Amino acid sequence: MFRVTRRYRFSASHRLHAPELDDAQNQRLYGKCNHPFGHGHNYVLDVSARGPLDPATGRAADPEALDALVGRHVLAAFDHRNLNVEIPAFASAVPTSENLALEIGRRLKDNWNTAFPGEWPRLDTVRIAETGKNIFEIRADEIE
Amino acid sequence: MFRVTRRYRFSASHRLHAPELDDAQNQRLYGKCNHPFGHGHNYVLDVSARGPLDPATGRAADPEALDALVGRHVLAAFDHRNLNVEIPAFASAVPTSENLALEIGRRLKDNWNTAFPGEWPRLDTVRIAETGKNIFEIRADEIE
Amino acid sequence: MFRVTRRYRFSASHRLHAPELDDAQNQRLYGKCNHPFGHGHNYVLDVSARGPLDPATGRAADPEALDALVGRHVLAAFDHRNLNVEIPAFASAVPTSENLALEIGRRLKDNWNTAFPGEWPRLDTVRIAETGKNIFEIRADEIE
Amino acid sequence: MFRVTRRYRFSASHRLHAPELDDAQNQRLYGKCNHPFGHGHNYVLDVSARGPLDPATGRAADPEALDALVGRHVLAAFDHRNLNVEIPAFASAVPTSENLALEIGRRLKDNWNTAFPGEWPRLDTVRIAETGKNIFEIRADEIE
Amino acid sequence: MFRVTRRYRFSASHRLHAPELDDAQNQRLYGKCNHPFGHGHNYVLDVSARGPLDPATGRAADPEALDALVGRHVLAAFDHRNLNVEIPAFASAVPTSENLALEIGRRLKDNWNTAFPGEWPRLDTVRIAETGKNIFEIRADEIE
Amino acid sequence: MFRVTRRYRFSASHRLHAPELDDAQNQRLYGKCNHPFGHGHNYVLDVSARGPLDPATGRAADPEALDALVGRHVLAAFDHRNLNVEIPAFASAVPTSENLALEIGRRLKDNWNTAFPGEWPRLDTVRIAETGKNIFEIRADEIE
C-alpha cells in the first residue's frame, strides 16, 4: 500500500462571515478575516490517494488521471475565483479552510469513480494550506 | 555598505481590469486575473534598506524601526484587504504587482524620514512576490 | 473530524550533554551538539489539534485560542532563550528535540482546557523541526 | 513513542518504460517520463524511525546511526546515478517513485539491524518526493 | 524601471565530461557529476525582464508572452530530456549549469523580439539553480 | 561573466549586547536578542563568486575549491558554536548579522587566493540570513 500525494495550487478570495451571527460577533470570531470587502490567498492543496502497486506500471495511482480529476472538479471552479460568490456551497457555509477542505473532498469523492473506476486507488486525504502557517486536513473516510 | 532585507507577508484580494479597455481586451490581457469577482494572494514583500554599519550597535538598519514603518504604512492598509476597493491608488491604477510594488515603494519613500531621520539607511529596493513564480522589483531611486 | 495544524517558530540555544556520562561519551554521542558553549536553532513547531467542524463557525479549532495557548505556555518561555539554563525541565533532561517536543507537549496538554474547555478540539500532535532535515513528532495520547 | 524523521537528498536520472508494453502504450502511460534518453530529479528522501525515548540520552533514534545506514545502503548507490542502469532492481521493475520508495524501504529494512540491533527504534515510513509536487510514501510494515 | 522575474522548472539529466581531458582528470574535476551513466536534476530557472511600466496595463512585461517564449525555446527542448544527447550545444560544450544558463540566455536573447518586439522590456538576467545550494546567474548584456 | 552562488548552513548561538551601552539601552536596542543567556539560529550563508567561463571545464568557479575554503575558514569555526565566546572578532564587536557577514567576508577575502590563485573568480557577495525574514548582504568590494 502506497500513499501518493500530488500538490496543486490555486489563488482565490474569500470573506469569513457567519450569517447567523451579528457584526460584532463576526468581528470577534474572525478578526481581520471578516473585513467587509474580502481578501485572498494562494492556497496549496495536497490530494493523497492510497492503493497497492500495479506491477505492470510500477504505479499506485495514475498521476494524469488524478490531475484531470482535480483540474476539472476543483481547480477550474476555485482558481482565481471569489469563493463566497462563485462556489454554491459557500452561499450557506462560511468559506473557512475547514469547509474548503470538506467541499473539495466531497467533489473528489463524488467524482472519484470517473477517474479511478477500479477498487484502487482510493481517495485518502485532502489537505489544504491557507498560508504556510495554517494547514487543514480531512481523511476521506470522514467526509460525508 | 550593507543591504538589509526584511520579509513581510500580507493576504489581499484584487481584480485586474483596465477601465480604458473593453471587456474582451481585458480578458485577453489579464486572463483569469480578470475574472469578475476577483481572487487573492499571499503576497511576500521584501523591503531592502542600504547603509553603512553603525559601529556602536553593529547594525546598518534598526529592524524595529523598519517593521514599524512597514506595519503602519503598508501592512495595516493592505493586509486582509481588497486592493481595488480599499487602496485609493487603485481606484485609477490597475492593482498589478508592478503597481503594487510602486505604491508600496511610494508609501515607504514618503514616510522614510519618520523612521530613519538620518542620512542612512536609505530605502534600496521593494520586491513583491505574488506567488512563488512571479517576482516584481523596483529600486527606490526609480520610484517617482 | 479535521486535523488543524498551526506553525510557530522560535529561536533558542542549547547544548546536548548528559550528566551521567563522561566527556568522551558525551562527545561520541552528541558530536558537535556537545560543543561546550552551546549553539542554536530556528525551531519550527507544528501544533495539530483534532476535532469536528462547528457548523456555526465553519471551524474545527479557534486559531486565536491556539495561538494564545502556544504563545503563553511555549513561545514566551522558549523564544530567544537558552533552553538548558532557562527551561526548568532541562536542568535534568538533555534538551534534545525529542525532549523538547515532549516538554512542549506536556505544557500544551496541561493547559489545553484553559484554551479549549469543551470536549473538542483535542491536542493531536506536536512536531518540532530543529532544522529542515530533522523532524521529531509525538502524538498527544503518548505524552505522559 | 516518537517519530523521528531525517531528510536526505540525491540526484539521479531515470526513464520510465515498461518492457511488457509497446512504445505507444508506454508513451501514453508515462508521457514525457518515457522520453527515450531519460531525464532526472533532485529526489528528497524522508526516512522516519519510531521508538521510545532513551532517558539516558534523550533520544529515540541515534541520528548518526541512521545517517550511516542510509548513506551506505541508499545514497552511495543512488546519488548521481542512472537508476535504470545502475540499480539492479530496476533491470526488471520500472523506476517509478513508488518502486524507488519500495526499493529504498527494502534496503533499509534488510539492513536495519546492523544500525539498530535492539528492539527500538524501528523503521516507520519511507517517503520520497520526486519534485515538490509528487510525494510517495510507504509504511515499513507494508514493505515485503 | 521594474525587474519582473518569472520562475520555471524543468527536469533533465546530464553528465559532466570534458572531451579534451582524460578520464582521471574528468573524475578529479567533476567528481560524482562525472559518473558514466549520468544523473539528473529538477532545475529551477528564473528569467528576469526589465522595463518601464505601461500605464495602460499596469505591467512592465506581459507574463503570457514571456511564458510562451520560455516554453517554446527552452522548456519544450529541455524538460524531461538528456541535455548531453538532446541539446545540440552540448555536443561540444560540457552541460554545466554555467553553460546551461548561457545556452538558455542565448535562446531567449535570439528570440526575444518575437515575443517583445518593442524597445521594452528587455531580457535582464537568466538564473538557474541546479539544486537549492547551487545558483548560476548571467546578465543578458554579458551573453554573446 | 557569471555569478555563481553556493549555499551553506550553520547553527550557532549568540547574544546581542553592546559593551558601551548600559543594560536598559541594550534591552531597548536589541529587545529579546539581548536576553542574558543567549539564543541561536540556523544561519543560511550564500557566498557568490564572479568570473568568466573557463571554456575547457564549462565552469566559472570550482565548487569544490569554494566549499573547501568556506568549510575551513567559516563553517569549521562557526558551526555549532557560540559566536560571542568562540569567535575572536566578537570579543569586541556585537555579533549582529551585519558583523557576522562582515567577519565571514573578511575571512573569505583574506584567504581567497589560497583557493583561487588566478585573476578569476573573485569573491562577489556574502549574504547571510538569520531567519527567513532577515537577510544581510555585503559586496566584497565594500569589505575592508
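The letters A, B, C, D, E and F name the chains in turn, as written, and every chain counts its residues from 1.
Note that in this section contacts are C-beta pairs under 8 Å (C-beta built on N, C-alpha and C of every residue); 3 or more make two chains touch, one makes a residue touch a chain.
What you see is a predicted model, and the numbers here were worked out from it, not measured in a lab.
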| item | value |
| --- | --- |
| Third chains touching both chain E and chain C | D, F |
| For chain F, the least number of touch steps when starting out from chain C | 1 |
| Contact-pair overlap exceeding half with A-D, pair selected from C-F, C-D or D-E | C-D |
| Mean-CA-position distance for chain F and chain B (Å) | 29 |
| Centroid distance [mean C-alpha coordinates] between chain F and chain A, Å | 43 |
| Those chain pairs that satisfy the touch definition | A-B, A-C, A-D, B-E, B-F, C-D, C-F, D-E, E-F |
| Interface residues, chain D side, partner chain A - complex | 16, 18, 20-21, 29, 31, 93-96, 98-99, 101-102, 132-139, 142 |
| Interface residues, chain B side, partner chain A - complex | 9, 11-14, 32-33, 35, 37-42, 79-82, 85-86, 131 |
| Residues on chain C engaged by chain A in the complex (per definition of touch) | 1-8, 46, 53, 56-60, 63-64 |
